[in-house]
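For reference, chains read A, B, C and D in written order, and residue numbers begin at 1 within each chain.
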Amino acid sequence: MPSPKPPTALRVTVWGEGLHEQRDAGVAERYPDGMHGAVAQGIAEHLGEAAVLRTATLAEPEHGLTEEVLAETDVLTWWGHLAHREVSDEVVERVRRRVLAGMGLIALHSAHWSKIFTRLMGTTCTLRWRSVGERELVWTVDPAHPIAAGVPHPIVIEQQEMYGEFFDIPVPDELVFISSFSGGEVFRSGCTFRRGHGRIFYFGPGDQDYPVYHHPDVRRVIANAVRWAAPRGGGAKPRLEHSDTGWWAAGGDEQP
Amino acid sequence: MPSPKPPTALRVTVWGEGLHEQRDAGVAERYPDGMHGAVAQGIAEHLGEAAVLRTATLAEPEHGLTEEVLAETDVLTWWGHLAHREVSDEVVERVRRRVLAGMGLIALHSAHWSKIFTRLMGTTCTLRWRSVGERELVWTVDPAHPIAAGVPHPIVIEQQEMYGEFFDIPVPDELVFISSFSGGEVFRSGCTFRRGHGRIFYFGPGDQDYPVYHHPDVRRVIANAVRWAAPRGGGAKPRLEHSDTGWWAAGGDEQP
Amino acid sequence: MPSPKPPTALRVTVWGEGLHEQRDAGVAERYPDGMHGAVAQGIAEHLGEAAVLRTATLAEPEHGLTEEVLAETDVLTWWGHLAHREVSDEVVERVRRRVLAGMGLIALHSAHWSKIFTRLMGTTCTLRWRSVGERELVWTVDPAHPIAAGVPHPIVIEQQEMYGEFFDIPVPDELVFISSFSGGEVFRSGCTFRRGHGRIFYFGPGDQDYPVYHHPDVRRVIANAVRWAAPRGGGAKPRLEHSDTGWWAAGGDEQP
Amino acid sequence: MPSPKPPTALRVTVWGEGLHEQRDAGVAERYPDGMHGAVAQGIAEHLGEAAVLRTATLAEPEHGLTEEVLAETDVLTWWGHLAHREVSDEVVERVRRRVLAGMGLIALHSAHWSKIFTRLMGTTCTLRWRSVGERELVWTVDPAHPIAAGVPHPIVIEQQEMYGEFFDIPVPDELVFISSFSGGEVFRSGCTFRRGHGRIFYFGPGDQDYPVYHHPDVRRVIANAVRWAAPRGGGAKPRLEHSDTGWWAAGGDEQP
């Protein structure tokens, strides 16, 4: 539930599948407030009063992503893994419309294969993987990018699932991070994409089997990304427009 | 029907909706062999023996795009306008799989709103438009790009439909052409995108109401694009891969 | 001279060549406080207390760009035209080092041919031009970009010098604006580039012969760009580093 | 010396500093025909009759890069390490003009710090390094790129100098390869850039202390890159152009 904050605060909805925590004692112990809980705490830790947070999960009606909730969401973070197929197509299309109208989207780790991410990318978003607790090093290759502000080079994550190339995504608009794993694989682990008026960030680190969402640098990156993805403009989905010659004489569109 | 050519020739399928030609005498007169016929002739004019051409239209079974036809297609060009919704979802998904596995796709003019193009882009692909016979100037902004080889700067098209910004596409991988129209609008009219192993080119010029596909420079651009979009590699859709540590010792993947 | 502001305000130096204003009565009348004065007023208008402004010109010792001034500058805007060659190579190299270490740079109009801009780009930065008072329309093609926030689509500038393609710059990292001119030419008029830790924005509008720096939307874009170009990190020029294996165990670099 | 080939063959000049081979017996043994000799053999192996090769070194008059040689060169490959500063500024500027006019440039390994590469990039081109014979894995992240055609994923190089991020280059137009090293670092090891009408490819692998230019996959990449970098157009350096309204009525420019 959102806490009472000034209306100028960034309204963030943290979506989590919420299944591993119920089915696997290790995950429940690792993430006593749910994985979404840990993600939300990390954002709150960094953005403080500047953000109003709520969480939503698969099990809620409409997965907690009603028209009303989305209308009041500036940035949505998404984590899912076991049950991508169980997410309703209607909700996915609703989220997609909001992104195209300007809502930010942060896709975390296994959300690479979520319906919403693959739908916005157009590709399979498949990758190479292995889960043997390898060390992940996250290297910044765009040091002037606000999402990389304040993180060490490299970020060291002692234990992680390996995600490796080829990662079948469109060429990112900006490549912020590249990860390496002990086994030798590399992964484009921090990527931005623009779709319509919306900004999307994909971030590789984060898994149910490792306490990655408690890692201070991972939390900072996610918080940076939330701030970066905040909508800039008015917010309507782009639409087909018939325009007479010189239509802008009255002042032009408020936004393209 | 494909003519007998050596197997190394580029296999090109030119897809046309084929409706305007039947419903509008002006279009039929302008394009006596169909719009797809004009597109195919333009490609043949430039690629000669290097290409084997076939055409396919909406009215054919499976729109002429069976698994067999697609398996034998290196590059597919697409023009549609009136009946995007009548294209079967199954055929669209089949084409998409082939693009992700490496088939080139050339989306022409009003194909910006085709199911296959919007599905691969993830955005609305909407734009601004007006059809009053304006002059379009096509300016090259990437002169080292093979798609721009041999065309004048600018290409002058005396009469065209206006397509203007904001064009709701992902940021193109490469921006080759920008058009201006007499009315003052601009349009990113030559854009490349990579999706999976496939290469996509969107080209703005071309309309049923103007003889644009008879324009020598437009034909040259389309032929250049067909050559550029030819697949490079072996050709399988990217897939999720579980990999043991050091799996590449046996030689690595033939392609990522 | 900088006004006394809190140290967290953005420190902006507006550099102007300052020659046209002295040699041409029309320019002096159009820009009574100098062209740099008009640029500075536009920034102040939008950023208010958030920015501390100073101006500097060619005629000052070291062109007003001493090590001390640059060390206290977060973002530098640059306008020059007649006397690019008279700018000292030493000052240019000093500015370049500061940009690579994180200082933002806004290159305005004819600064496309300044030593500092061409040095950072590596290309000729030549273009096509004509000065007959044409209408320029500035179209936003990246509506989610903060530099485009709050401007109409298109920005209408009644009279401007024409700058047209081919503009010999590297492919921009982000293309924010495309302009058209009454004569039919187009121009990539809003382009971002990253170099080292620094962010660079090139903006086309602005000329001594037209009152473009009094145009409210042009002023807004420049102010947006100043905010966008503010440094993110600590600030040292990238350098060659020899690193032992596992050197990051002590915590990694503060910035890459 | 060029062998007699038909004029349509690609004219390639392989430039090598040629010092290590003279000063260090290990290098001389490893590269009995010089490092440039090994690079040239690798290109010949793949391009055969399609390329006419010559080599040039630092010690030759004008470093072997006279106006005549450059006028007859379509693609230049560059390897240097010890003596970047001894390369004449005049020759560097001559090479730069040719690149801007369309000549391809392949910068190999330590050429990251050559005058010609840094001059075209505008940045410091510094990086992190360590030479302890680590295994380098070269991963393809752009499988549809012609430079990646036919190479395994990953390319395995048993012993190499480590080059790591942050690599201070402009954002590449295309990122083709990312390398990892045994020590954990990553490196953007295959990058394309366009400058003027010219195409540039930077490729990380290759060092005097390891036999990397005898590696079959490294040779294939270099040969692919040479083919990719071949000029497309007529070939004049971009220049400032004053243009009257409607100047294109006579047919437009042959190239932008």
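Keep this in mind: a residue touches a chain if its C-beta (ideal position, glycine included) is under 8 Å from a C-beta of that chain, and two chains touch if they have at least 3 such contacts.
None of the values given here were measured: they were computed from a predicted structure.
Shared contact partners of chain A and chain C, listed by label, are B, D.
Both copies, chain B and chain D, contribute mostly matching positions to the interface they share, with over half of the numbers common to the two. Relative to chain B, the most remote chain by averaged C-alpha coordinates is C.
In this assembly, the C-alpha centroid of chain A lies 38 Å from the C-alpha centroid of chain D. One simple way to say how far apart two chains are is to compare their mean CA positions; for chain C and chain D this gives 32 Å. In chain B, the residues that reach two or more other chains under the touch definition are 137, 139-143, 153-154, 164-166, 171, 173-174, 184-185, 194, 196, 256.
Residues 135, 137, 139-143, 153-154, 164-167, 171, 174-175, 178-180, 182, 184-186, 188 of chain C touch chain B in their complex.
Those residues of chain B whose C-beta lies close enough to touch chain A in the complex are 100, 113, 119-124, 126-130, 132, 164-166, 168, 170-171, 173, 183-185, 193-196, 237-246, 256. Residues 102, 137, 139-146, 148-149, 152-156, 173-174, 194, 196-199, 231-233, 248, 251-256 of chain B are the ones touching chain D in the complex.
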